[in-house]
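Note that chain A is present in both complexes that follow, paired respectively with chain B and with chain C.
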Partner chain A sequence: MAESIRHAGPGDPATSAAPHLRVRMSTSRMAWLASLSLLPAAAWGIVLFGLPALIVLVVSIASAAAAEAAATLPRGKVTLGDGSAFFTGLLVALLMPAGVPAYVPAAASAFGILVVKQSFGGLGRNWMNPAMGGVVFALLSWPGLLSQWAAPLGSAAANAAVPPLEALRAALAAPGPRDATPLAVLARAGYGFSGLDSAAVGWVNSHVLAPLGTRLQPGTLDVLIGHVAGGIGSTCAPLLLAGAAFLLTFGVIRWHLPVFYIGTFGLLAFVFGGLGTGQGWLAGGPLFQVLSGSLVLAAFYAAPDPVTSPLMNTGKCILGAALGVLTFFLRFFGSLGDGVAAAIVLGNCISPLLDRWMERRKVQELGQGVA
Partner chain B sequence: MDTVSSRTREAPLVMLLLTLVPSIAVAVRVADALWLAAGAVLVMTGSSVARAILDGARPAGTPETGTPAADGPGEEDRTARWLRALVISSLLTAAFEAGLLAVAPAASAALGIYAPLLAVNLLVAGKGGPDPSGASPLRATLSSLRNGAWFAGGLVAIALAREVLGAGTITLFPVSGFGGTITLSPLLDQPVRALGFAGGGLLCLGYLVAAVRAVLARKGSAAPRAEASR
Partner chain C sequence: MTDTTKLPKGGVNPPVELPGPRDPGIANAALPNRATIPLLQHAGRPAIRLVRPGDVVSEGMLVGKPDGPRSAAVHSSVPGVVAEIREITLATGERCEALEIDLGGSFETSGRPRAPRPWENLPRADLLERIRSAGVVGLGGEGVPTHLKLSPPPAGSCSLLAANGLDCEPSLGADDALLREKPAEIIEGLRICQLLLLPARTVIAVSERSADLVQELQRLVQRAGMNTSVVALPARYPQGHEQLVVAALEGRPPSSDPSSVALNVATLLAVYEAVVLEKPLIERVLTVTGSTVAHPRNLKVRLGTRVGDLLDECGGDLAGTGKVVMGGPMRGVSVATLDLPVTKRTLGIVTFSTVEARTPQETACIRCGACIEVCPWGLQPTRLFKLIRMGEEAKAGREGLARCTECGCCSYACPSRIPLSAILGEGRRRIVGVRNGGGSHG
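Coming up: the complex of A and B.
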């Protein structure tokens, strides 16, 4: 037996990393497909934020790859080809502000690979998502640097370098009238939306929505397409959702966890989000809260990580709901960024418990069936 | 007393909370870690020597109290030994605290509750309890010094890593012409603050333990090879 394990190939279930599901999708293929699906969002980030964004991306990926090589080379088995290090570096970079000093993404990626992943035995044995672990490490270590955002292309306003979530928080902290929606609050506070947004929203309002008796708020287009300050690749929801659809189509991820995650968070934000700021019940602006920050990116690309999420669909639904609750509390009452990375790291802690609980339930059901 | 202690020792989480976490909490600056390490060595060595002397001073022919076990002293005698160890460790800890307050009040304030916790830590970890082997005072001293050196080395190494990376400084003791603090300018500007938290301390501890185990494992695997080559 020992001989067979020693000489087994990397694809052998006796030696390869979890998950050991009987599917055609290999771990390596999953990682590369996930990276591929993120490339449009990364490219959009480079368009919006320019060369600094490209530097952050290159440094983060290079650091993750170097850390992976450094950790696996002494064991005689370099695992760069499985794509997991590339994906970790890419995910870390997409959550960072453009223009952050290069050592921050480098340290975050290296921490994710060396401490979170390789210290526990490598791919399949980490209990926490490496990218999210690295981002939380960076948030705890350099909170000031990670709150210095860059203004997107074509935004000349003084406050355009402030992400909408932070601008909303600041506007609601000041005394004054409370508007019904987050975008209305931002518009009253003079938030610097782009000229493209003004033109497009104005045209749609006058030509399409005016006859219907309704209108779009200024900033709708900017928030929707991610033309705002924020993480390099975390603001453009349409591109992220297109990538997620690609992953769902190829069976890389399942819908349960992201849908329950975003749904639970959106529901809580809608019902309770306005209470703390004096806007009252059912005034939290769920769509704005979902589209702002890095929720969409994390919900589809970090939370469904097959290593750190439950194996069964019921477990995925429960974890998704738990992540939604955690993100709501961390975003509205916490201080660690938009609360998404910290929520996922905390959620990863309960993932093994959910698996164990699900397995026990399954065994009991099978036992009852046999009896 | 002994039963409670052995149960406690069997629970890793309790051991972690009672012994490691207080030590990690205080090991943020090198100077504080050095003071705590000095206190630990003092209490461990002092209590071992005192216990060895007291055990050896029992008059010849004095029977042990309680029901004797097949391989050791009776229950009452064990309890008496534990109480004696507790009193000795507490006295030494109090002496260390008083001395620290007199010599270095700033360090005393920084250590706070962790200095008195020392006695509890050492008893729980089994380093301040009764010595079942009945070693001589000299052997007890050497054994305690060895244990204390390991504890001190580990604590200072953790504190050094955390302070250098987490604050960009190395805090030592001020002497004439030297303020006591070495600053490392790139890290001083943007330190890795995460290492200053308790989680950062546990992370450093984990890697220290892993490094020691790796070295010991390498030594262990090297010894049979050397034997075989002979």
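Coming up: the complex of A and C.
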């Protein structure tokens, strides 16, 4: 046996610092797994909205990648391989309406990468989530374009291009009787749910639920599976939740922030959501509010971004609850879309404060014995 | 009484997949033709050499006497002739003299059963002297002379004495094997320590993976008439660390409290052999494993045996080996030469393939908090490493840097492959001003 150990590779010393084992998960693996888990939702968006959705996806990702390459090439280390730019481009596209002019997603992704992320020093140094920063930038720059949505496949009605959330807001702004649930309000307003929905809901009502003396509202299926107008990949909660379950299983994200976010928002929407519209207490339709807009997508894919969320689990829980409160106020009393992107950008601002607080607490826990 | 106590916080569970059949027993390693006996195999100063080249030494003969309180006696592990004295650099980076002893002559102790000597009526000073003169040190890697841990100041009362049967690191199995093969001897060693410390409470801690041992140990303890409980602790690394064993047993955060003593079971066996058999410490049990080792196993090894000889004995594939580590995979030191000898502080030998040995590419911290979650000492490695890299060690010190034991959990868990543990260790040495040597597993 030879007396010295062969070097593992060029530049690799045979000796290295302990530990000699490393966890399999890596930064780039996290980004690529997150992107992978969003592909079903993206595919669903392409099915619903067709070629325009595909164009938005391609343009947004290409713009993010180009911006990342342009920003990192001068530094001699192009970081496209870490998957972070791809993920930002994908997330921006999934929040956009299909058919929006290509320069909007292109600008949003480029803004997210160049201004929000790279100008602060690149991955890990940005204080705001790049995708959410890009979307808010687009919302402020082209509010009109970002409220022109496309009708999903199989919904021919004229008002099917209006997302349920906006249709609800419009219906409740008009005078008239107040129905108890959001779907009932939409039904009275004549919202155009799909033929598939009326067929399926009608069948379930007459064959299953009629003997039980109850029935489903029209639109239940459409809202549940995201067969409605909205962001390309933000409407289909089942596919998004399946992707989130995948990420939770592999330890890419933690449950704390999303659960506190959705839980707090749902609770506030349930208790107070009906007050402003004259429906009274405990009449906010929490399930409808959670499933509509981009809340589920953002809660699992933007809010838990490790770079811009608190370091410790307690901090993550607190920020999640804060995001729920912010989203509630922005959605029910604000004007910036469904309130989610703006809430997350605001939440990013308080994240460092939470970290500072948690940090001090942890050092104090160590006690006086610290040398 | 059996119960499972929780690790206070943190820790990691690396998947440890060892190739080939894993024999839980202990095999005897071949005797070295030439033993390399360093005079520094313990925490303090090197021992003072008592022999010269050409001297004939017998098995177990004293060849180095302690130099100072934390130093320990060194004995020849084989009979033979001192061929030369040379300066060597140990795996820890420390330099010392080493005796090269060519094997020869007759074995006076091996293979001959020794009659147990009565010890129950000996004065405490005599018991301690037997342990001291046998060169017994903590075999969990720290190498602190064991008689120091067994002679607390007269005023101090001992609240807890724990026999630590948890292996220090993942993939090491020597302590577990010793508990299976030598339970009666280990328990007698524990009785000796009980007599010396008069602890309020005595506990034997085993890994939850070896929960099958609990009943047998309880039976033995009862037969010996001892008031001692057996407890299974989580197998999660680094639960085997002395302070974490004590913390888990006492249900409090870890601290360096001298009134609670944990001794590794290998150390207890050495205490037994020193006191009852009057046998010096000239061999130890260690684990040889790794992805390029054909037959991973626990070996009883004469101190001074070369690492390379042990790898040969276990069928090491050197062509495919990229890294050889003395110690365990989490805290061990990767060595550049296979000529280094096994010392009292060598817990194991672990090899890594050329692919496994590639240095991982460090990327930017994404502030995921994984390092904070796994730190068993409640530190914030992500913050401390940034402070250290900015040259703010003093501030890092105020945030607990001195408590870092370089267990490696933070580096293990970091998805950005930042060598947190190494950076924290270096920063800590700069503020504390001491060299860190080995582990602290009693």
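By definition in this document, the second predicted complex is superposed on the first by the 343 of 371 C-alpha atoms of A that agree within 3 Å, B and C clash if a C-alpha of one lies under 4 Å from a C-alpha of the other, contacts with A are read in each partner's own complex, and residues count from 1 in each chain.
Rule of thumb we're sticking to: contacts are C-beta pairs under 8 Å (C-beta built on N, C-alpha and C of every residue); 3 or more make two chains touch, one makes a residue touch a chain.
Everything quoted here is computed from the prediction, not taken from an experiment.
Trainee: Check the residue A:Ser141 against both partner chains and state whether it touches chain B (first), chain C (second), both, or neither.
Mentor: A:Ser141 sits against chain B, while chain C stays out of touch.
Trainee: With both complexes overlaid on chain A, does A:Ala107 touch chain B (first), chain C (second), both or neither?
Mentor: first
Trainee: What is the contact status of A:Gly276 with respect to chain B (first) and chain C (second): first, second, both, or neither?
Mentor: In the superposed model, A:Gly276 contacts neither chain B nor chain C.
Trainee: For A:Val115, decide between first (touching chain B), second (touching chain C), both and neither.
Mentor: A:Val115: touches chain B, not chain C.
Trainee: Is the number of chain A residues in contact higher for chain B or for chain C?
Mentor: For chain A, the partner with the higher number of touched residues is C.
Trainee: Share the list of chain A residues that count as touching for chain B in one structure and for chain C in the other.
Mentor: Correct list for chain A: none, the interfaces share no residue.
Trainee: Show which residues of chain A lie in contact with chain B when the two form their complex.
Mentor: Touch residues, chain A against chain B: 101, 103, 107, 115, 119, 137, 140-143, 145.
Trainee: Under the definition above, what is the set of chain C residues touching chain A in their complex?
Mentor: 12, 14, 170, 255, 308, 311-312, 316, 318-319, 321-325, 327, 329-339, 350, 352, 354-360, 363-370, 372-373, 378-380, 382-383, 397-400, 402-403, 406, 408-409, 411-417, 419, 421-422, 431-432
Trainee: So in the complex, the part of chain A that touches chain C is made up of which residues?
Mentor: 1-9, 11-23, 25-30, 82, 122-125, 306-307, 310-313, 359, 362-363, 365-366, 369-371
Trainee: Could you list, by residue number, the parts of chain B that touch chain A in their complex?
Mentor: 190-195, 197, 203, 206, 210
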